[in-house]
Each structure stands twice: as structure tokens, then as C-alpha cells.
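Please find the structures below.
Two complexes follow with subunit A in common, the first pairing it with subunit B and the second with subunit C.
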Partner chain A sequence: MKKEIPILIGFFATIGWYLEFFFAGTFFENWKMFFTTGFRSVAIVGLLVGVVNVLRVNYSRIKYNNDRWYSIYQMSIIFLMVILASLRGVSPGTPFDAMYTFGFIPLDATVFSLLAFYVASASYRSFKIKSIESAFLLVAAILIMLSKMPLGEAMWSKIPAIGEWIMDGPTSAGKRAILFGAYLGGLTMMIRIAFGLEKSHLSD
Partner chain B sequence: MELINTLIDSTILNHTFQIWMSVLFTLMMLSFLFKDNPLYKLGENTFLGISLGYGWVRSWEIVVVPFLIRPLKDAYLDFQPYDITLILWLIMGSTMFFRFSRTKAWVANYYFAFVFAYVAGYEIPVQVQNLFVQGSNMMKPLFEQPSFFEISKWFVIIFGTFSGLMYFFFSKPHKGLLGKTARVGILILMINFGASFGATVMGRIALFIGRAQVIADNYTASIVLAIIISIFLFIYFKYLQKEPKLDDEQMH
Partner chain C sequence: MEKLVDILKKLDRRWIFLLIFLSCIIPFWFPTLFKQEFSTSKETQRVYDIIESLNEGDAVFIDWAFNPTLQAELLPMTEQTIKQCFDNKLRVFIYYPDLTAISLGENLVANIIKEEKYSKMEKGVDYIHLGYLPISIDMMIFSMYSDFKSTFGKEGKIFKGIKTFNDIKYMISFAGSAHPEYYLLLQRRFGFRMGAGVTAVTGPDFIPYLQTGQLDGLLFGLKGAAEYENLRLKNLNVSGDQFKKEKKLNQKANAGMASLTLSHLIMFVFIGIGNLIYFYEKKYKKSN
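For the complex of A and B:
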């Protein structure tokens, strides 16, 4: 009851994708449409659950004084965005859009640019050539970094071309090897989920 | 209402205010390089608040209204037998709310089993297609390559991918020819990781240069705000910062 019926519903939803390839007729087309509409509806409820969860988490932080003022501030920013959208709309040039352009974009770019410092510091401490493999890693990283800055070209005019060769050749090969494995792994996992063999996403 | 509109026009829509806001947020986030501090946390919560508010509003407009509110309204005004399916799906979707319950969390299995299986059904042909697309993109004709540079790439891609795959092949021990091929595979993977690392670092530095340019272009705002932030941080760390409380684990 706790797992069997949900798995059965899931199985019927999965085969809905394939039945119309093998059997003609409106019944199987409607079957697929039925589950497609269903997926859209349940996904919307999932969004609402996300909204409730944000409110719930912030409520408990405010109630138990766990960074209370930051939560109050965060909630007021969220509601400010909602109020701005309902007052003037969301098209370009509105206050809602200005908050995104002059608030979100600088914050987003700065958060990720901070990582440059931490990655540089971590790599300085951890990159040591102790084996052939680590030497390959370090040399590739240095060549790619040099190829992407004017200094590299100033040092030797061939460095950008070498960087391009590394990106298109060995990097592409390594990525493909990983992707082949990932696609095969994903395919296996999807088949296991479809047939109800994989149950780790269900609770007891 | 008039007052609110005037307030919005003179703040959020005012260009000078927008520039100062942008510089302030940049400096607040950069203050983390010194130490974790309240200004950084304020910036962090602004980031979360704007992104969540933006996401909520856009989702409401693009997803919730056309696919939930409008069909429900139509069903209310002119009920048709097939509208029952919408209500049934909404009831099934609502099982997700049981995730918040400690004892009845299993009810949400209906939600997860359906969503995972539906996505799995969609993804199976996509994954198979991806495999073929990757394979066919890899195997371009050798004799159509325009230069030695491209030919060398062709060899590295074909044999590099093959040796990389051999490294992940665990059904036989990595000895003899298989072991040597797998060893080449490791080197190819290491070059991939190194190149990805280098590209990521350069991407982050490009972002930082962008922020530095904003700071340099608006130097009046930058200097004033940097002085204010520095004074605040000095006062905070010198006089206002409380000693962190010891938790149970540290006390023992």
C-alpha cells in the first residue's frame, strides 16, 4: 500500500510514453495526454509546496530566534518583489525588473567571483606534482589559463592555439568518456525506476 | 498610493540610486574576503529574497495562472466531466504536503513515484538519443579534416574517448593491453579535469573583472561606500561582535 500502488501508477505513467508508438488510436493518445496533464498539475503543486516550505523555514527561524532578523529581512525582500510586480508589472523598465538588474545580477556575479579567490587559494595549497597524472592536470590547467588571458599570447603566440587544441582534443575526449558512462548509468536508473526496481526515492 | 509611486520612482527607478545599490551589494559581498560579517549576511539574504521573489512571481505568471488557476476557473464556470481528472491530479499532487508530516510522510510516495516514473519515461529515449548523438559527433571522417591540427585532434578524440571508457570498464582486471589503455585513459581524464579547472577559474576571474569595472567606473559611490563599510566592520569586530556560544559538543 505504501509503495506498491504508487509504483503501479508510475509504471502506467511511464508506458504512456511508448504505447502510442505501437498501438494506433485515440485511446492511447489520450492516455499519454492524461498523464502529461497530470504531470503539469502535480508539478504546479510541487511549486506551491516549495513556497510553503520557504515560509515554514523562515517562520521557524523567526520563532526560535535563529538569525531572526535576517529571516525577517529576507521575507520582506520577497514580499517587496511580489508587491512591486503587482503594482507595476514585470516588463523591462519596471521596478521589479530594476530590482533584478541592479540587485540580483551584481549579487550573483559577486558571489561567484568570490570563488576565484577561494579556488586560487585552495589550488595553491593542494596542487603538488607527486605523479605523472597530477603533472598532466596542472600543466593542462596552466595552459588553459594562459591561453585565455592576453599574457599567454604575449609570452608565446602559439599558446592560444595550444589551449584550443587541449579544449577540443583531450578535454572533449575525457568529457565524452564521462558522458557515455553517465548516459548509460542514467538509462539504467530510468529503466529501474520505470519498472519499480528502484525504490530509494520512496519513504517507508 | 501616490506616495508609494513617488517613493518607487525616486528610489528603485532612480538611476543614481540603482548605481549605488549595485556598488553597495558588490562591496557587501566582497567584504566576506575579510571575514564572515553581518553585511555579507545581509547581502546573502537580499540575494535569496530577490531570487525567490522573482521566481515566485515568474512561476505564478508563466505556470500557475495558465495551467492551474485558469483551468480551475473554467471548470467552475462551465463544468465538464473531464474536469474531474484535473481535480484528481490536484489531490494526488497535494500528497506532497504530507512530506511535512513526521508520521504520514509515506503518503508523498504517490507524488514522488509518479513524478520520477513519468520523467524516467521521458528520459529513456533522450538518454539513448544522447548516446548516439555523442557517438556520431565523435566519429567525423578522418580524410575530410582540413589540417594536421584537426587530424591530430581527431586521433586524440577517438582514441582518448576509447581509452577513457576503458578506464571505467571494470569487468576485467586492468592488466596487459587493457591496463595500458586504461592508463592512457587516466591521463586523458586528468587533462580534462585540469582544463575544466582552468576554464572555471578564468570564468570566475572574468566575473570579478566585471565587478571591479563597475567599482572603478562609479568611483565616487565606491569610495564613499567602501569607507562606510570599513568603518562599520572595524566597529563591529572591535566592539559589537559577541563571542560564539559553545555548543554541547564543544563543552564536552
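For the complex of A and C:
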């Protein structure tokens, strides 16, 4: 019964959501509100599980001296943010906001900006014309990049139009093909889950 | 020649990092390093025109789905959208599907209302932060179409006349991922008007939706943000000192354009050198 009941719930939920697209009425309004509230409850419980997990992992690291100082630092910051938010709120001008603005924002932006350096280094070493296909890729990439900066238009007024054509034509066609494939895959997966053929979500 | 090729081949990547760093930093001191004139794309123009066409008091829903990692590209365009809404006396609802984005949004709006022009904008009347909901976007859309106000559990005069999401005249999603697609999945069913502001990397993913008409407009990367800034400035109908003041306040994306250009040029040079080494070696190996 551990498997059968979740499969039955999945089956009726799928049928319900599918019918909802075709029928209106109080039943389906209540159905939607039931699931919306249910999702909120599940997400909040999920958040609590996440917090407990972080505490457990870091507690064992501190206890067994496995990168202890990193864990102590992480835990201190988590508790500090929670305490600051509880004491003075989170609106602009509060200590929590100061930590966010002067700590989180620069750190978060810095980590992401590292990508630019790695992209530059990687393109130097691997963006090479080894075949006709890679030649097309390189030319298209350079044209798109030029069309997305003022210099491209200053060099030749047709560059933005060429960039737009590449995006609207070949890129868009490729993207549509991928989208169709992905959504057909999604539909197949939905049918498999609804009929209990796919059980990976039940840790099977 | 062989020695040079060998040096370039074994070039320490820290030199590349240094050059990219300098190419990003230097243009901020020399913003006029490159010609900064560029035309406005039709996607940007469409977003601007739609917001401009709305009537006073109409509601605009902003979906703020980016955190500080993407603020260089997305913050300037979000700022201009909010300012344009305020200019046209539209009611602005800002929703955050990402918990780490809330303070970023609150700070931006707090900074906007510090400007003399927007100092009379009131929270709960002219704009509201709807916060974060721990539910998926499709669930949220269904809920908003049942009861907009109770979905977010917020109060304020701003909700007057807004019963469901049908009463929202335009929505725009700012994201650096496929996030706006969650709205687009239900856009055809409910028929809400929608635009998006995305990073240059994710921009191509949304072109098919522009072609089908599901998206009304698209702000595409830093250039899209700069185009939007220029459009707003051009249509502000101010001159002299007032124009200079407005320009100073609304040029964040334009300020980054020179940096974007120089760093891309450096990348082109490196890609070119990489290919020259590759072809030289190929020829050299063949002849031996």
C-alpha cells in the first residue's frame, strides 16, 4: 500500500487538473484552492526540513572538526540574519538590510561575475574552427555579439539587422524544436506518472 | 615565430583575467571611449509603448525574479519600468518569486522615491511589494484568477478595483532564467498581456514567444536596458539643467555599454589569436 496509495493520488490529481482545463464551476475552483493551499503547506514544511538539515550537517562538522571554522562561520551568519530580522525587521535602513546590501549583494554579484573571466579564458582555448559547423557557430556568435553592442552598429549599420535575423530565423527554429521535444517528453512523463508506470518520484 | 606561438599557447590564464578585468574597469573612467549611439530595437520600443498607452490608475504587475547576481543587466531596466509606471500614474504591484530578491527590490523603490519627482509616491497606494509565496507560478496564477488580494494576504488602497488578475492591465517578468516561461504556459489560456526583461544569455529563448505574440515586448540584456533608458530620456520632454539631472539619474545601463564593448573586443582578439595558433600548428604539423 506504500506505493499504491501515492500512485492513486497521482492518478486522480492528474485527471482533475486535466479536466479543470475543460470545465468551470465551484468544484474546480475549490479544487484549485485546495491544491494552492496544499502546495504552500508542503513548501513551508520543505523549508523547515532544509533548515533542520543545514543545522544537522553543520553540527556534525563542528563536533568532528571537519572544516569546523567554515561551519561555525556559516551558522553564525545564519543565526545573525535571523536575529537581526526578528529584532528590527527587514525593511530598508534596518541592520538586516545593511547586511544584505553591504554583504550579500557584493558577494553574490562577485561570485557570478567570475563567469566572465572563465568564459574569456575558455573561449581563447577552445573556440576554434575545427569544422564547417564550428565555423558557422563562430561567425554567428561574433555577429550576435557585435549586434548587441554599440560598436557593431557603428561599424556597419546592417549588423543589428543581421543579428536579428540570426535570432529570429535559425536560433528560433532550433529553440522551437527543442521546446517541442521537451514538452512532448513532459507529456509522456505525465502519462507514465498518472498510470503508475513511472515510480522514480516514489524513490523506487 | 615558433617561440611566439609557444608563448601564446602556454599563456597563463591570469593574463587573460587581468585584461578582462581592466577592460571592464577602465571604460567607467572613460565612458566616451566608444561611440554610444545605437538604434532602439522594436521589442524594447513595444514595451515602452504599451506602458505609455495605459491609462492613469491602471495596474501593472512586476515579477521580480532576479537576485543580485544579475543586477548589472536587470536592475537598470526594472528601475526604468517602475519609473515609467510612476510617470504615468500607474499602480505597481511587485512580486518576488525569489526570497533573496526582496530586499533588492525594496531598496530600489526606496531609492526611486528619494528622487524629488517621485517623492509623493506612497507605499500601499501607488506601489506595493507583494513579497514571496512558497508556491509554483502556475498555482499562483490560478489563485490570482480566483482572488488577487487574498493570494498575497496584503492590504492597501492599491487593491481597490482589483478582484482578479483580469484587472491587471500589463505584467512584465524580469529574470535571468527560463522563469517567464511559467507565465507563458498559462498566458494563452488566460490571455493576459505580458512582456519580459531578460539577460542577453537567456534572451534567445524568448524569441519564439515574441513571434507567436505571447510576449508583447522584450528587454534584451544590457543593450535593451540602455535602449529603454534612452527612450525614456528622449520622451521626458525636459531640457537644460533638468535634462542633465535626469540623464545623470537614468544612465546606469548606458554607463556599462563601453565596458561591455571593450571586454567583448578583448574576447574577439583572444578568439582570433587562439584560432591563428590552431591553424599555424595544423599547417606546421602537416609540413613536417
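As a convention for this text, the second predicted complex is superposed on the first by the 175 of 204 C-alpha atoms of A that agree within 3 Å, B and C clash if a C-alpha of one lies under 4 Å from a C-alpha of the other, contacts with A are read in each partner's own complex, and residues count from 1 in each chain.
In the analysis below, contacts are C-beta pairs under 8 Å (C-beta built on N, C-alpha and C of every residue); 3 or more make two chains touch, one makes a residue touch a chain.
Please read these numbers as outputs of a predicted model, since none were measured by experiment.
When subunit B and subunit C are set side by side, the one touching more residues of subunit A is B.
In the superposed pair of complexes, A:I9 makes contact with subunit B only, with no contact to subunit C. Of the two partner chains placed by superposition, only subunit B is touched by A:F79; subunit C is not.
By the touch criterion stated above, A:K158 is placed in contact with neither subunit B nor subunit C.
In the superposition on chain A, contact is made by A:V90 with both subunit B and subunit C. By the document's definition of touching, both partners, subunit B and subunit C, reach A:S123.
Residue contacts after overlaying the shared chain place A:V111 against subunit B and subunit C alike. When both complexes are overlaid on chain A, the residue A:S203 reaches subunit B alone and has no touch with subunit C. Once the two complexes are laid over each other on the shared chain, residue contacts for A:K148 go to subunit B and to subunit C alike.
By the touch criterion defined above, A:K63 lies against neither subunit B nor subunit C after alignment on the C-alpha atoms of chain A. Taken together, the two complexes place residues 35, 39-40, 43-44, 46-47, 90, 96, 100-101, 104-106, 108-109, 111-113, 116-117, 119-120, 123, 138, 142, 145, 148-149, 167-168, 171-172, 175-176, 179 of subunit A in contact with subunit B and also with subunit C. By the touch criterion given at the top, residues 2-3, 5-7, 9-11, 13-18, 34-35, 37-49, 51-54, 56, 67, 70-71, 73-82, 84-85, 87-88, 90, 95-96, 98-117, 119-120, 123, 132-134, 136-145, 148-149, 161, 165-181, 183-184, 186-187, 189-191, 193-194, 201-204 of subunit A touch subunit B in their complex. Of all the residues in subunit C, the ones that touch subunit A in their complex are 11, 13, 16-17, 19-21, 24, 34-39, 41, 67-72, 100, 102-104, 106-107, 110, 133-136, 139-140, 142-143, 146, 189, 200, 203-205, 207-208, 211, 220-221, 223, 257, 260-261, 263-268, 270-271, 273-275, 278-279.
Residues 4-5, 8, 12-13, 18-19, 21-23, 25-26, 29-30, 32-33, 41-43, 45-54, 56-59, 61, 63-64, 67-68, 85-86, 89-90, 92-94, 96-97, 99-100, 105-106, 108-118, 120-125, 127-128, 130-131, 134, 138, 149, 152-153, 156-161, 163-165, 167-168, 185-202, 204-205, 207-208, 210-211, 214 of subunit B touch subunit A in their complex.
Of all residues in subunit A, only 21, 29, 32-33, 35-36, 39-40, 43-44, 46-47, 90-93, 96-97, 100-101, 104-106, 108-109, 111-113, 116-117, 119-121, 123-130, 138, 142, 145-146, 148-151, 153-154, 160, 164, 167-168, 171-172, 175-176, 179 touch subunit C in the complex they form.
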